[in-house]
Amino acid sequence: MSMKKNYVVEIIRKAQMVELLAKGKRLDERTPDQHRPITIQTGVIQKANGSAIVTLGNTEVIAGVKIATGTPFPDTPDKGLLVVNAEILPLASPYAEPGPPSEDAIELARVVDRGIRESEMVDLKKLCIVEGKTVYTVFVDVNIMNVDGNLFDATSYAVVSALRTSKMKKYAVENDKVVMKDQEIPVPVERTPVSVTLARIGDTLVVDPNSEEEGAMDMRITITTDDDGNVCASQKGEASTISPEHVLEAADTAIKVGNEIRAQIVEATK
Amino acid sequence: MEAKRKLIGDDGRRLDGRKWDELRPISLEVGLLKNADGSAYIHWGKNKIMAAVYGPKEVHPKHQVLPDRALLRSRYHMAPFSVDERKNPAPSRREIEISKVIREALIPAVVVEDYPRTAIEVWVEVLQSDGGSRVAGITAASLALADAGINMRDLVVGCSCGIVDSQVVADLDDAEDKEGSGDMPVAIMPNLNQVTLLQVDGIYTRADFQKAFELAIAKGMEVYAMQREALAKKFFTGEAAGPTEEEEVVE
Amino acid sequence: MVERKHVIPGDVITRGNHRYGSFIEKRGDDYIALRVGLAEVSHDGVKLNPLTGPYLPRTDDQVIGKVVDINGFGWVVDINSCFDGFLPASFVFGREFSPATHDLSSKFKVGDVIGARIESYDRSRDPQLSIRGEGYGKVPEGEIIKISPTKVPRLIGRRGSMINLISERTGCDIRVGQNGVIVVVGPPDGIVKTVNVIRMIDKEVHGADLMGKVEAYLGGVSGGS
């Protein structure tokens, strides 16, 4: 789905945003390092192997996991497949159009995928059934249902929550044949990556920008951290600059805020 | 070739326990999406479908504009995780046809002449599919149009009936649709008593054709009562029945 | 005697021979509702007060809009409606206007908020705006909030009772466009209170004791903060 960058933020509101930020406040009364309330519901699509609906303020996304079996890539014969896909549905925003994914939607999917993959959240070797022949294929598809800023984090939390609560059929090799057993086993999840996105408005970095703040921002940076406080993925967005000081400040904020959100995700997906 | 399983037991009950003329459980909720001008969510059996409306709004690209009426755009789309085997997100031929018949089922109910040179967009997103998703989608879409406050002559409501184990049954689920011998989705404007969607596949005797068709309409009327309730729940629950002291009714 | 009832599209409001207003269709002897709303039958005729729906421009309406584009001949203004409004450059610069000599963005830029009047609107083209008159033109400051245009009468209240109450209690100047766009000017805490109470009014279902709820929310202190 494509998003037209047509959202014009009124000049007087942007001026007010910058004025309030100088006093450490945002229009919705959050402080710069505060994120909006997050809700997580899992197991909402019974036909999927796992699913989650996440709301981050008014941004709402749904992720569904479908697991099947297939052949591995030739260069990684002992690893299963994990693919993360995202679509901004036309029902999510007046600026979203149906059609093949725009560069925004593709960047969204790839950044979220990178955060999951680089953190090694799922040990792909544990998705191997018969090396070189049969592996699990895990598809995570995310549909954005309502856009109110920060699709990156909402999508990431939905993918992580859906994977943490996904079940797959157990396969065994019997008499040289791959046999599906009646048993269901959880997807092998090793750790819980958490993405935190900051936007720069005026001179201030704010966590979890909503739509209006995204309309007024000059720069956005998304940083994914893991359970040990390591940075495993990052992406700077928008055609502007970021100072080295802000990069380090963002990393520290992402670790701090990430830990708090991780606790919430783990609690919701027990 | 293995024998097809029986879809209706000796006791007359279907696989999920329903009798031949029973609807699956249905719930409707209006106005859940914040950005959309109108929206409605329908949970019909295992179907989970969100419909949203944007508009009336400017037409893009401009050359598609109609000088004397609104252009109604619609899309029926299934999420990749909505069915048993993951579906590729790109629109399939089936989805494209269903998008068209849904549009043609809704247009007669919308007073498009009241909104010249505009577009009205109707998006039907199937999050989980289990037989009868197009009529469920139309039922939700018509509520979304009413929620958006677009002038409508009537609502539109639908129901699918068909033939299973040589019997006419109402509201086929996925198994009955795939393994049965006929499916007939029907949508109507309930007050005007006009059919706006009719598709038939399978072989029906003349008698069965009439029975299935009339059953679909009768069941559609039951669903219409649920649509009314859903709108009342969002718009009409309040202590007073009319304007209160502090306001005037403005023309 | 006035008869009132809740209606949805397709409902018969009444039968007979009456005068009737917008959002109603006459089919034979029946008056059919075209919207979700509150219908009223009285000696004045049949009326329908819609509870939802877009802003439809009418000549002389006062609106608040946002400039979203500039072309050679004027400004394209988002007026929260099915159509964008158009403010002709000649209305602002006068008849001597020419794209070669006048720079439109020197007057209004993309992102500027303006108060305007609907000068003319017919079905064949976008509504024309005018800024002639006291109080129209660029809005220099304030917070912008949108509500459903059908809620504007409730926000204003009978003879302005509701809007005046909010203004007094929050210390803010509140300007309500008939298109559902509102400008709030005042101290930051007052703005936050005003925005929240307006959002509450927008969400409130018809018929609830709104004045009571608003009074309770705003408390007894007047003059803001």
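For clarity, chains are labelled A, B and C in written order, and residue numbers in each chain start from 1.
Everything below uses one rule, namely that a contact is a pair of C-beta atoms (placed from the backbone, for glycine too) under 8 Å apart; a residue touches a chain by one contact, two chains touch by 3 or more.
What you are looking at is a predicted structure, and each value in this text was computed from that prediction instead of being measured.
Engineer: Among line, ring, star, complete and other, which best matches the way these chains touch?
Structural biologist: complete
Engineer: Counting C-beta pairs in contact, which two chains come out on top?
Structural biologist: Most contacting pair of chains: B-C.
Engineer: Could you grab the centroid distance between chain A and chain B? Build each centroid from C-alpha atoms only and quote it in angstrom.
Structural biologist: 32
Engineer: Quick one: report the Å distance separating chain A from chain C, using the average Cα coordinate of each chain.
Structural biologist: So the centre of chain A lies 38 Å away from the centre of chain C.
Engineer: Listing for chain C: what residues touch at least two other chains?
Structural biologist: none
Engineer: Identify all positions of chain B at which a residue touches two or more other chains, and write them in rising order.
Structural biologist: 57
Engineer: How about chain B: which of its residues touch chain C in the complex?
Structural biologist: It comes out as residues 37-38, 55-58, 67, 109, 111, 115-118, 146-155, 189-192, 228, 231-232, 234-251.
Engineer: Going by the contact rule set out above, which residues of chain A touch chain C in the complex?
Structural biologist: Going by the criterion above, the answer is residues 6, 8-16, 20, 23, 25, 27, 29.
Engineer: In the complex of these two chains, what residues of chain A are touching chain B?
Structural biologist: 44-48, 51, 58, 60, 62, 64-66, 68, 85, 87, 89-94, 98, 100, 139, 141, 143, 145-148
Engineer: Would you mind writing out the residues of chain C in touch with chain B in their complex?
Structural biologist: Against chain B, the touching part of chain C is residues 4-6, 8-12, 21-23, 25, 32, 34-36, 38, 40, 47, 49-54, 82-84, 123-124, 150, 153-154, 157-158, 161-162, 205-211.
Engineer: Across the complex, what residues on chain C touch chain A?
Structural biologist: 66-68, 78, 109-113, 139-144, 188, 192
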